[in-house]
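Think of it as A, B, C and D in the order they're written, each chain with its own count starting at 1.
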Amino acid sequence: MRRSMLAFSVLLTLTVGLAAAPTGAHAQKPFKIGAIVPVSGPAAAFGLGVQRGLELAAEDVGVFTVAGEKYKVDVVTYDTVYAPDKTVAAINRAVYNDGVKYGVIIGAGVHPPILPIIRETGFLDFAFAAAGRQITNPENPTAFRIMASSDQLYQTYTVEIAQKLGAKRIAFLGPNDELGKNDAKAIKTEVDKMKAKGVSFVAEEYYERGARDFGPALLRLIAQKPDIIDTDGSPTGSIALIAKQARELGYNGHFVNSTAVLEAKAISDIAGKAGDNIIALRIWANPPTKLYTELAERHQKKWGEAAPGTLWETYGAARWLIDTIVKVSTFDTKKVADALGNSSYASHPFGPASWGGEKAYGIKRQIVIPIPAAILKNGKWEPFDVRSGKFE
Amino acid sequence: MEVYPHLLAQGLAIGVLTGILYVLVALGLTLIYGILHIVNFAHGEIYMLGAMGAFYCLVVFKLPFAATLAVILVASLLLGLVVERLVFRSLRGQWLQLVVASVGISLIIQSLGWIAFGIQEKNVPSFFTGVVSVLGVRLPKERLLAAAVGVVLVALLYVLVYRTKTGLAMRAIEEDEETARMLGVDADRVAALACAVGFVLAALAGAFVAPIYSLNPGMGLEAILMSFLIIIVGGLGSITGTVLAGLLVGVLQSVGAVLLGAEIAYGLVFVVMIVVLIVRPAGLLGRA
Amino acid sequence: MKRGLLALVVAALVILPPFGQPYVLHVAIVVLVNVVYAQALYVIMRMGYLSFGHAGYIALGGYASALLATKLAVSPWVGFLAGGALAAVFAWALGAVTLKLRGIYFSLSVFAFAEVVNAVFRAFEFFGGPAGIAAVPRPALFGARLNTHLQFYYVVLVVALVSLVFLYRLQWTRFGFTLLALRTRETEALAESLGINAARHKTFAFVVSCFFCGLMGAVHVHYLRFVSPFVFTFFLSTDLMVYVMVGGLGSYWGPILGTVLLTGLGEQLFAAGYYKSLVYAVVLLIVILALPGGLISLSRLIGRGGLRGRAAPVDAIAAGER
Amino acid sequence: MLEIRGITKQFGGLLALKDVHFTVAQGELVALVGPNGAGKSTLFNVIAGALPPTRGHVIFNGRDVTGRSSHDLARLGVARTFQQTTLFGEQTALENVLHGLQRHARPRLVAGLLATPAYRQEQRDLERRALGGLEFLGIASYRDAIAADLPLGIQKLLTVAIALATEPVLLLLDEPAAGLSQDEATRMMNLVASDIRRRCTVVIVEHNMRIVAGWCDRAVVLQFGQTIYDGAPQGLTRDQRVVDAYLGVAEL
């Protein structure tokens, strides 16, 4: 009989796996929103910001009724560790196992493998991911970008910053992945517009994501004597090291970080004074609305640390979504998506919000919210400019 | 893009400094492989623990520099003895199990690191800030300090391995453990010591490199991948080989970047690795 | 008796799925894919060789099929075999050089190969660069693209069963038996003195191992409908080693048991990110230190006796060369 | 049958073998004799193909096989045992001998994969022949024991059984009696001198004079890599150079 033990255990495991039971229900019916984000590993800060933004939105919404039924928001987190195959596993589990039809997904790099699943299942994806047309286009009607896209940021700010600083030579240093290659094209098109005014694109280098020594890449770059180095969406750790090592190599111009969410204190810890003159887009030096400050304080009280930069845009998008669902009184993602795309929302933490991108992407799925810029001076953000962020 | 001599000199200087850092990081790995014939996958994580130790001692507990070093030294020594006693010794001779066990240890330390670390990038304040400029070539002081420490540690290691009785015993059990045992060498004690010294080297490397590169629990993986690269090129178990390979990779990467751009230079390093493997499978100075 | 129960398991794998939800099918697909990877790796681990870079061969298979499908509109059915073939060709070319090395030198040389493969795919736009290749089509059968989980599950099941049966049969051939003679430098010299061409046997074993990795890598990519340099990473190589070691080297069933349990376990701990690898590692250490033969040795299934029902003894099989 | 013509082997500076000449006729039982480090095992490895010579030729059955790999030589009928009694330690005695039989069975991989009746029949034959090999050495009762667990005496017999399984024409035994008790050595040598000799020509490496004199037709003595005696074993004790080599030159 002992021979059967192994075959039996294999059979048992597979059967248990095959018939996993769905989860139980609460008093009100749960309206599940997924946070398909990295909550461990290097990009954990981004993921936790999204998770907590959804939780704060759930608290503020409380109970809401759709088609006569009472619902309460239930935030479900899936850790993708920022890896493509893990994200596919997460979306499969969310959509098919847990019945989740709405969610925030972080990362331009992890979107390609899951967009087919989003198209097939109609999953309403709030993409917290830069890049551009690859995600928001007519083939993916239920994919929205809830942060400024790369094209939007570069169109809004590249010319503006160059003029304000009187910069003539612009260089690019980005991560060696889809984000970096895509944003390099975006900045080059913008810089070309200023050719007449003598502004030129002088150098382009890429670094391995998570690299620590930027000496090799910076050497060539700094030899071109740039006035501005655009560091694309380099995360806090990377931009701090880039600034420090660039100053060590004698560069004292400005840095522009477009799509990333930067933490001032961490940068000044790592780079000290070398961190000054980093211009970060999408960072508010002064809170734009009362709601923005309130959320920051609630986060500090509840989790005991400063709020990661992804908190506010997630909160705003979630509140806007639930308002729309209540208005159209259905959970059908196609209907909600159409209604959402044509609606606007006044109480987004960044200010009045609407959707754009009809001309650029062929569909109104790109959030249009005021885009701030801040400049780092001795460890604190100072206001640099605020643009409306309009985007056709 | 024309390349003028100043830039090449700067590239070379950065390359040498970075190369010494690579040597400092890979040193512990080479020693443990050389003496115990174990490829310690957890080497990167001990390096990370050294950096985390430096952070918690200096920043959180505000210990003076000397005390921090002492804490890191003792902690890594003990950890080395414990790991050797509990894991490595019971698997002596079972090469396959040893390697996979060290993968297990590395996973445990790394995941505990991420769970305890929280989400904020942390950094160890460096003792030497600023830059020294020599003939127009700018050398960051903290890297010079780390390089100096690297040179000192390499020298100490040479003295230990080639000038002391324990070193002789270490080389004996490297050559042929049974014969060494028969000649009265307490192989277990020497193996434990070698493992402990390997751990100390990794932890010190972490402590001195942390100020330069900031730290997070994932830094161990980068360190182990680079160290693998270097011991493949330099030759397993050969300290001289590691020093040569570390400098070669450092210079190749930065001078290569000046001439060809960082991306291609990064690829170049791998091409060198493959060529060395085919021409001299045991690395420049290793023994197959 | 054993045949009967085996048939029962296979029958369950064939009949049950239509009743399972899509997510469960996803889990089953991931488990089956990893089982074949682990079983392919086992072919050389049984021979005393450890590879830190098998993910490189899996990536080769995946990219080959993805490129053929997206650039030349070659049907995935051909792509699967092309994936396996390409991995096998590289294994044959590289095997000739690296298999002369033993122990850690071989493992590191395969590691180096995997890193180069990854770097090349990332560097050149033709291979999709860092963004990778998206919109990799599913295979079509009788004109219909197999897009649902259930349909593709059966593709994975068929390929997996064919691979596992082949690898099982291979182990009981004289070739499979001879591989056991090449475990250490000394036994290899003895085998050579008995007329066994060790190099040819080892290279062929390596080619078989990489063929099935490439084949299943291609199937995996068509399931994900995407491949990038960040899918088949160094972590996959180490995970596979862990599955085989936890399962046990002593028997054909070891890697299957290790993979099913750990991948299944991994799915349950899903939202736990780094807690998952913590649990993996703790289970691994306990098994290696307390149960050298791996979980399979618990089942005492492998009896001793003639060549037929025989496998290598469970204990010191892995006392490989330094 | 076997001719060693001017074999020299150099390891870097060390001259292990210097211009060695001797021949072995069909059916002879020759002992290769010499103090430790005289180059006996090195010469064995050269003959068996494990080690290419620096200079000189190995002629086997009239064919120059210098530098051929050991598995080629095995196919030509040269079998050997190892000084360290190398065995497939993790497998049973029967399986050890089966490895020896590999040479005869065609791989027929496809048939193996399909486990065709003919293939299975061939396997059963191989197993029977392997069992026969064990019986020939009188160790059939150990067929299912793990090789590494066997006592040294039995292991020695097993190594001979493995080598014989390849049905060699020339059998090179590296110190078959080393480490054995008095009567075990006698039993081994009786076996070698009687049954095994009938099946193939045997060359053994031995430094125990009593064994050389007792069973061998001829002795070739090596010292510092050179042949200093080649003739009947009885003449060994009377040859001055051999005595000096063994007992060391008596200092005045």
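Please note the rule applied: a contact is a pair of C-beta atoms (placed from the backbone, for glycine too) under 8 Å apart; a residue touches a chain by one contact, two chains touch by 3 or more.
Everything quoted here is computed from the prediction, not taken from an experiment.
A.B. asks: So which chains are sitting against chain A and chain D at once?
C.D. replies: Touching chain A as well as chain D, we find C.
A.B. asks: Hey, which chain ends up farthest from chain D, C-alpha centres compared?
C.D. replies: A
A.B. asks: Could you say which chain's mean Cα position falls nearest to the mean Cα position of the entire protein shown?
C.D. replies: C
A.B. asks: As a quick test, compute the distance in whole Å between the mean CA positions of chain B and chain D.
C.D. replies: Each chain's C-alpha centroid was found; their separation is 48 Å.
A.B. asks: With chain centres taken as the means of their Cα atoms, state the distance from chain A to chain B in Å.
C.D. replies: Centre-to-centre distance between chain A and chain B: 36 Å.
A.B. asks: Round to the nearest whole Å and give the separation of the Cα centres of chain C and chain D.
C.D. replies: Taking the average C-alpha coordinate of chain C and of chain D, the gap between them is 41 Å.
A.B. asks: What is the distance, in whole Å, between the centres of chain B and chain C, each centre taken as the mean of its C-alpha atoms?
C.D. replies: Roughly 32 Å separates the two chain centres.
A.B. asks: Which residues of chain B are in contact with two or more other chains?
C.D. replies: Within chain B, residues 114-115, 263, 266 contact more than one other chain.
A.B. asks: Multi-chain contacts in chain A: which residues touch at least two other chains?
C.D. replies: Chain A, residues with two or more chain partners: 40-41, 176.
A.B. asks: For chain C, give me the residues that contact two or more of the other chains.
C.D. replies: Residues 273-274, 316 of chain C each touch two or more of the other chains.
A.B. asks: What is the shape of the graph in which nodes denote protein chains and edges denote touching chain pairs (line, ring, star, complete, other)?
C.D. replies: Basically it's none of the tidy shapes, so other.
A.B. asks: Every touching chain pair, please?
C.D. replies: Per the contact definition above, the touching pairs are A-B, A-C, B-C, C-D.
A.B. asks: Okay, in this complex, where on chain A does chain C touch?
C.D. replies: Per the stated touch rule, the residues are 2-11, 13-20, 38-41, 77-79, 81, 83-85, 88-90, 92-93, 95-97, 109, 112-113, 115-116, 120, 176-178, 180-182.
A.B. asks: Hey, which residues of chain C end up touching chain D in the complex?
C.D. replies: Counting only chain C, the residues touching chain D are 166, 169-170, 172-175, 177-178, 180-181, 183, 186-187, 189-198, 304-307, 310, 312-313, 316-317.
A.B. asks: Help me check something: in the complex, which residues belonging to chain B touch chain A?
C.D. replies: Touching chain A: residues 1, 3-4, 7, 10-11, 14, 18, 114-115, 118-123, 125, 129, 131, 138, 140, 212-214, 216, 218-219, 222, 253-254, 256-258, 261-263, 265-266 of chain B.
A.B. asks: Spell out the residues on chain C that touch chain A in their complex, using ranges where they run on.
C.D. replies: Chain C reaches chain A through residues 1-2, 5-6, 8-9, 12-13, 16-17, 19-24, 26-28, 30-31, 122, 129-132, 134-135, 147, 149, 224-226, 228, 230-231, 233, 253, 256-257, 260-261, 264, 267, 270-274, 296, 299-301.
A.B. asks: Taking the touch rule as given, give the residues of chain C at its contact with chain B in the complex, in rising order.
C.D. replies: Residue positions touching the partner: 45, 48, 50, 97-98, 100-105, 107-109, 111-113, 115-116, 119-120, 123, 234, 238, 241-242, 245, 249, 273-275, 277-278, 280-282, 284-285, 288-289, 292, 316, 318-322.
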